[in-house]
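As written, the chains take the letters A, B, C and D, and residue 1 is the first residue of each chain.
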Amino acid sequence: MNGVVDLSIQSLGSCRIQSPLVNASGGSFVSDHDRILYDDVVCDENRDLPVSQWPSFEAAGARREIFFDPSNTVAGIVTCGGLCPGLNDVIRAIVLSLWYNYGVRRILGFRNGYQGLNPDYGHEILSLDPEAVDGWQDLGGTKLGSSRGNQDPARIVDTLVAQNVNILFAIGGDGTMRGAQTILEEVTKRKLNIAVVGVPKTIDNDILFIDESFGFQSAYMAAVDALKAAHVEAKGAPNGVGLVKLMGRDSGFIAAHAALSMSDVNFVLIPEVPFKLEGQGQFLQALERRLKKRHHAVVVVAEGAGQDLVAGDDGKDASGNAKLKDIGVFLKEKITAYFKTIGFESSVKYIDPSYLIRSVPANAYDSVYCLQLGHDAAHAAMAGKTGMLVGRWHGKQVHVPIALVTTGRKRIDPSGALWRLVLESTGQEAWETPAE
Amino acid sequence: MNGVVDLSIQSLGSCRIQSPLVNASGGSFVSDHDRILYDDVVCDENRDLPVSQWPSFEAAGARREIFFDPSNTVAGIVTCGGLCPGLNDVIRAIVLSLWYNYGVRRILGFRNGYQGLNPDYGHEILSLDPEAVDGWQDLGGTKLGSSRGNQDPARIVDTLVAQNVNILFAIGGDGTMRGAQTILEEVTKRKLNIAVVGVPKTIDNDILFIDESFGFQSAYMAAVDALKAAHVEAKGAPNGVGLVKLMGRDSGFIAAHAALSMSDVNFVLIPEVPFKLEGQGQFLQALERRLKKRHHAVVVVAEGAGQDLVAGDDGKDASGNAKLKDIGVFLKEKITAYFKTIGFESSVKYIDPSYLIRSVPANAYDSVYCLQLGHDAAHAAMAGKTGMLVGRWHGKQVHVPIALVTTGRKRIDPSGALWRLVLESTGQEAWETPAE
Amino acid sequence: MNGVVDLSIQSLGSCRIQSPLVNASGGSFVSDHDRILYDDVVCDENRDLPVSQWPSFEAAGARREIFFDPSNTVAGIVTCGGLCPGLNDVIRAIVLSLWYNYGVRRILGFRNGYQGLNPDYGHEILSLDPEAVDGWQDLGGTKLGSSRGNQDPARIVDTLVAQNVNILFAIGGDGTMRGAQTILEEVTKRKLNIAVVGVPKTIDNDILFIDESFGFQSAYMAAVDALKAAHVEAKGAPNGVGLVKLMGRDSGFIAAHAALSMSDVNFVLIPEVPFKLEGQGQFLQALERRLKKRHHAVVVVAEGAGQDLVAGDDGKDASGNAKLKDIGVFLKEKITAYFKTIGFESSVKYIDPSYLIRSVPANAYDSVYCLQLGHDAAHAAMAGKTGMLVGRWHGKQVHVPIALVTTGRKRIDPSGALWRLVLESTGQEAWETPAE
Amino acid sequence: MNGVVDLSIQSLGSCRIQSPLVNASGGSFVSDHDRILYDDVVCDENRDLPVSQWPSFEAAGARREIFFDPSNTVAGIVTCGGLCPGLNDVIRAIVLSLWYNYGVRRILGFRNGYQGLNPDYGHEILSLDPEAVDGWQDLGGTKLGSSRGNQDPARIVDTLVAQNVNILFAIGGDGTMRGAQTILEEVTKRKLNIAVVGVPKTIDNDILFIDESFGFQSAYMAAVDALKAAHVEAKGAPNGVGLVKLMGRDSGFIAAHAALSMSDVNFVLIPEVPFKLEGQGQFLQALERRLKKRHHAVVVVAEGAGQDLVAGDDGKDASGNAKLKDIGVFLKEKITAYFKTIGFESSVKYIDPSYLIRSVPANAYDSVYCLQLGHDAAHAAMAGKTGMLVGRWHGKQVHVPIALVTTGRKRIDPSGALWRLVLESTGQEAWETPAE
């Protein structure tokens, strides 16, 4: 990480109100001076620097003094983009923490993403309290509804002002965070005391400066069912091939983790590691060798893999992401055609389990993680933090500037430990020497 | 049921060998005279007939005397057609019953369906014993492999003779049972003492003269996951439609049961009940009404529904079944186009979970049922029964002539209790007055 | 079944109101003349009788004419006794059928069993409608709460009258049904037009005149998890014994089915089949032989098994059932002591999963079954049937007089097909020749 | 962490053999110079120190040069102590990595813990290869068997020598690691080139210097089922109390995480936070207040909590751990007696799911983690590392000296983030100001 990265967190002002938690908990709080090192690997370049010169994150957690007076605080929550396990857990945790830890009594749920903050859509605004969110932690999806795409920040801030909202919690991916920044800019322009706090959501686990995004574990755990089905189908027919397309536009984390956790996958194809279909040692020949040796094979492909191989036009979806061409259907056809050409009996069973994965409830780990994220988001917002999101770094809860996470995407390092384990475990070729 | 139906079971000859079970179990056996009524509903037509004039099935179970001498009996097992939960349970149960109950020591597993009995394919023949099948009950699919289509009966009987097989267990659907009949005819022509015993397999639950086929409950239980995903997706977007295509070529049993067990389905479309897309009170308008009222909807369609609506050619698959046109993709496009035309924001999430359903392991109920079927198949075969299959009728295990089950398919009665419950539960229109 | 059994159903009077379902469903109804044979096994004694002389059940389902006017009908629902999977499904199905099929608009939920009908307890009375019961089908237990024991019928009928209740749905076991009969007698004594309709609940599956009680399949499916744990524990230690106590006071259905569905059980001990601990060929020696041969064993015992072996006093619980002595703990101690005595290293891992089993949500099969039961209960009650319960017989929905089901308990026949399969599958000794 | 802690790793000698992975993977390796900081929180005491003075761990992973020649390496694997999810995954991963990554062809599985290395027990020694361990990742428990307690190190080393074992992998808890150290001392005394490599196993997650032990997530995920059952039972009876005892002798990690992931727990009692039963603001009164307000409560207690409250003697189990008194049964009785005394109707449903939790298969996360641990153990051993174990620290794989992890136990910090979240989430009292 180069030195120009700025990990400092914006604040609406100094905290002069004693937290209601002081009396309740006997007083164990986090200070803004508690910081978590960004880097914890020692190497020749950094070993002689005092750590005060190393970048570090502000620690998340309850502060002894807060900025907003709970008795007249109004909070709003919105969920945006595609579904991801844990959305309801995060919403519920924010509500419960605001309500029970701070005594906030007005919490609004905006429906269907940023649409719900734009009065033109006429979506109902929900009033949230502990009873309203009871049981939400057991439900997949989002009870608030979601939608893709951003809305006019002026219209949104009009709504915030009309509803007397002091804090907006935006739960979503990098498109949503870009939207949150435009809202923040509008808020700043109008000199309003409204905090904008993000909770980063990406089922692909591709957000920077976060160990792992919530819902990611639940997602690859659910993906294992599809891999097992593919394995059963592959073994159920002569030279069967089970082919599964998993989520992963830019990053193959779900494909890699699901393959590692299931242990009967023979090929993992991800966006980070280019491959060719034909030619000595390339995918189709490698698959042929595998089938001739073991009579069945399981192939996992991330949706963003091999985009250079798929012909056709491309556009953008409502969130502004490049539309992916369907590598799954493409591979199914190419494999079938290849074996037909060489006169080798085989059958390909293609599985695209996307909606079945992203709609599951959070697993136990993600439930705890989402609870933590929701509480930390509430703590941060009540302390007047803004323009930031809550995350986890090397196992500890931290605050991250929103501006940082939209600068790129986290990807699998083809020469790192994760991909090495995939190669060691599947026995598949490395395809191409990873470009440094 | 009219009087011409013949429920009598063929036998290879009289049973002169005392069953080894006589000493083991203290002797509780089934007699060929034990019979189960085909019909148990009393109505004006039948109330005055003595039951001796009613058709009835022979009861399944262990016989006190058997036909084959276990010490020189060789059994073969083959699984054919598409995967279905419980295949491995049935194989294992046959093996364990032959081995432990009777002392049969040579049991062959033919690989990849009837291909495995045709030496031209060169598939390995497995030797099965209790250790070989250990743990199979926890695995989906079939450890023997499967394939579609029948093979030359002469080649098959050559293999049976070469391997000294006395009993062939054929586990499969109606195509497989037709194949079993041709094998039986060849066996009869050659005057061989080889029993052919079927275990009926149809994930669609469409085999006649059987309460319920094994794997059917596991299948609709697994289908519920897809319906839940569809429901979550539908509620996660403005006017979301979750559309799920389930198995059911000729019969909508899986669609109906999954919809009933999940309870958040609004429309069930099955082959037995025709529907139209457009027009007053027809599907698209009904869906529009639902969305305008509740803002989300779940639609389940059996793969064989609405085939009259889908344009295009058709052929036959390797099993000789008419190839279905894809009603799921068709509906997805039609719904999307319709709402676009009328300018109504909606999004359709389409799920096709077929492989994920048929590859699951048997659930607890099916495990017990498959165990029973396997034991009953072993008992029937050892007693020299042939040209028959084992099934369950009104909760009791029975023998059914193979020739009967291939005469048609079991379908949902649009004026019967099951469909009535679907209508009562979903609140959907009856579409068309069911033909009496 | 002897001829004195009376399967006729009481009615509050003639049905003069056209069912609202006539217009909705296009008219497919059940008639009181539709009857299902009690017996469907043909044997020498009965083969020459005309079926009109055979006992038969009245078929369940919607009637074309009904007794109660939906516009002024008030229904009450109560759940009693121990938890069982599917209680919430049944409650919800009754509510939805009354509401949507008939237009009943006042449905009361009495809390905590018959306590909720006794004003002395002061329990709140809930008002139920489709929104109130939304999602209940996914929840184990009962949202109405439950309690054991009956209450003064006079106090209960006072409450029914005070609340203008026309129909009382009582969901519970045979104690509950005896309570329902006393309520019915009080109602009759006061000449009130109140229908009392039961839905039989017994996780043990021991109610007479019912194929299978709701929740039973879910229960033995859940029990399999405990058996798997016992198997893993047994294999994880030298000569490990996994011992699991399952529900089954008088009947070993759960133990038998769970053992059959799991297939790695070596001993099943049930109330219907007495056994001795020590002596040639008895339990402890048989277990010793098993361990010396295979080094691990799984034992399943129903809670009501071997009560003659356990010393100590006994009483009655609040439902009036004899309190069972704990055979599980007893066996654990006896096995441990026996192996210690003979100097054989072994360890017993004892699992009592009772609450974990009975609290699970209904599985897919039971969800459908409960839906059917709830609808049929609503149909029966609206038609003025009383003193009856809804059940399933040989796969068809029927009405059963309440008075019948409290006359005894359904038990496993030690010489029947189910127990035979257990013996065949486990290989365990028959212990004692079953008494005829 | 004070400066005297030594994180350096022992080695059998210099590595002069090129790793077979060099050709396979294109060469991405870990160096002994790669180090992970022990501490990554910046505070006033450490901010001016150069990191070269901070303690750090050696990074785990494949080395370019190795110590053992794969062609004549013999490896042995043993699993000890109580069951834990993932044991089979770790065994299998070690086998697969040795076999495929290195070409080791002789891998021995010692049965039933250290007993299997002591010839006096006569346990069979298994030969492990990829086919032998196929499918083990789907199985709970350990296919090698386990036992508690250590054995004479001289007898063990005799066995290692007799079998030509170069590497012993010991998978177990701190007792096992102490045993491993005595083996290592015996090996050193005899000047043998035998590497002893540990994989730390503790379902309680109480091993020091490890982020999280394998199987811990699977365990608390499985524990959630028990908490859900307790919640359902609590709500199913008037003033119901669901009481669950979970694992956790010295540390309440499972109790805390399960409670957080389930979100309907009202009291969490752990060994780290003392509590009193009676008196103003103490447990029984707090429970009474809760019941009077909400009519049901869920209580989770770790097995090591409240040991000061339970009267009676204590001893040591075979592993040398102090035997715990049963706090679960104790609390059940105390709660029941208390409410009886004050004349308050309540019922306590007590659940002890221990064996059901520890016997589950690893979940997807733990499967990946165990795969990583197994590979890293193989890499470390082949590189001649000894007296160490593989672990994860702040998300990165590291080597840890065995001697360190047996110096104490990891416990929940009552003033740290985890416990704070428990207090915030349950709303329970802090009981006592944590003494620091």
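Everything that follows uses one rule, which is that a residue touches a chain if its C-beta (ideal position, glycine included) is under 8 Å from a C-beta of that chain, and two chains touch if they have at least 3 such contacts.
It should be emphasised that the depicted structure is a prediction, and the values quoted were computed from it without experimental measurement.
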Could you see whether A-B or B-C has the larger number of C-beta contact pairs?
-> B-C
What is the chain whose Cα centroid lies farthest from the Cα centroid of subunit C?
-> A
Looking at where subunit C touches subunit D, is over half of the residue numbers used by both copies, so same, or under half, so different?
-> same
The distance between the C-alpha centres of subunit B and subunit D, rounded to whole Å, is 46
Centre to centre, by mean C-alpha position, how many angstrom separate subunit A and subunit B?
-> 42
Between subunit B and subunit C, what is the gap in Å from one C-alpha centre to the other?
-> 29
Where subunit A touches two or more other chains simultaneously, the residues are none
Graph class of chain-chain contacts, one of line, ring, star, complete, other | ring
Pairs of chains found to touch, sorted by chain label | A-B, A-D, B-C, C-D
Subunit B partner contacts - residues on subunit C that touch it in the complex = 21, 24-26, 28, 30, 33-37, 40-43, 46-52, 54, 56, 59, 61-62, 92, 96-97, 100-101, 137, 211, 217, 220-221, 224, 257-258, 260-263, 363-365, 367-368, 371-372, 375, 394-397, 415-417, 420-421, 423-425, 427, 430, 433-434
Where on subunit C does subunit D make contact in their complex?
-> 83, 112, 115, 121, 123, 139-143, 145-147, 225-226, 228-230, 232-233, 235-238, 349, 351-353, 355-356, 359-360
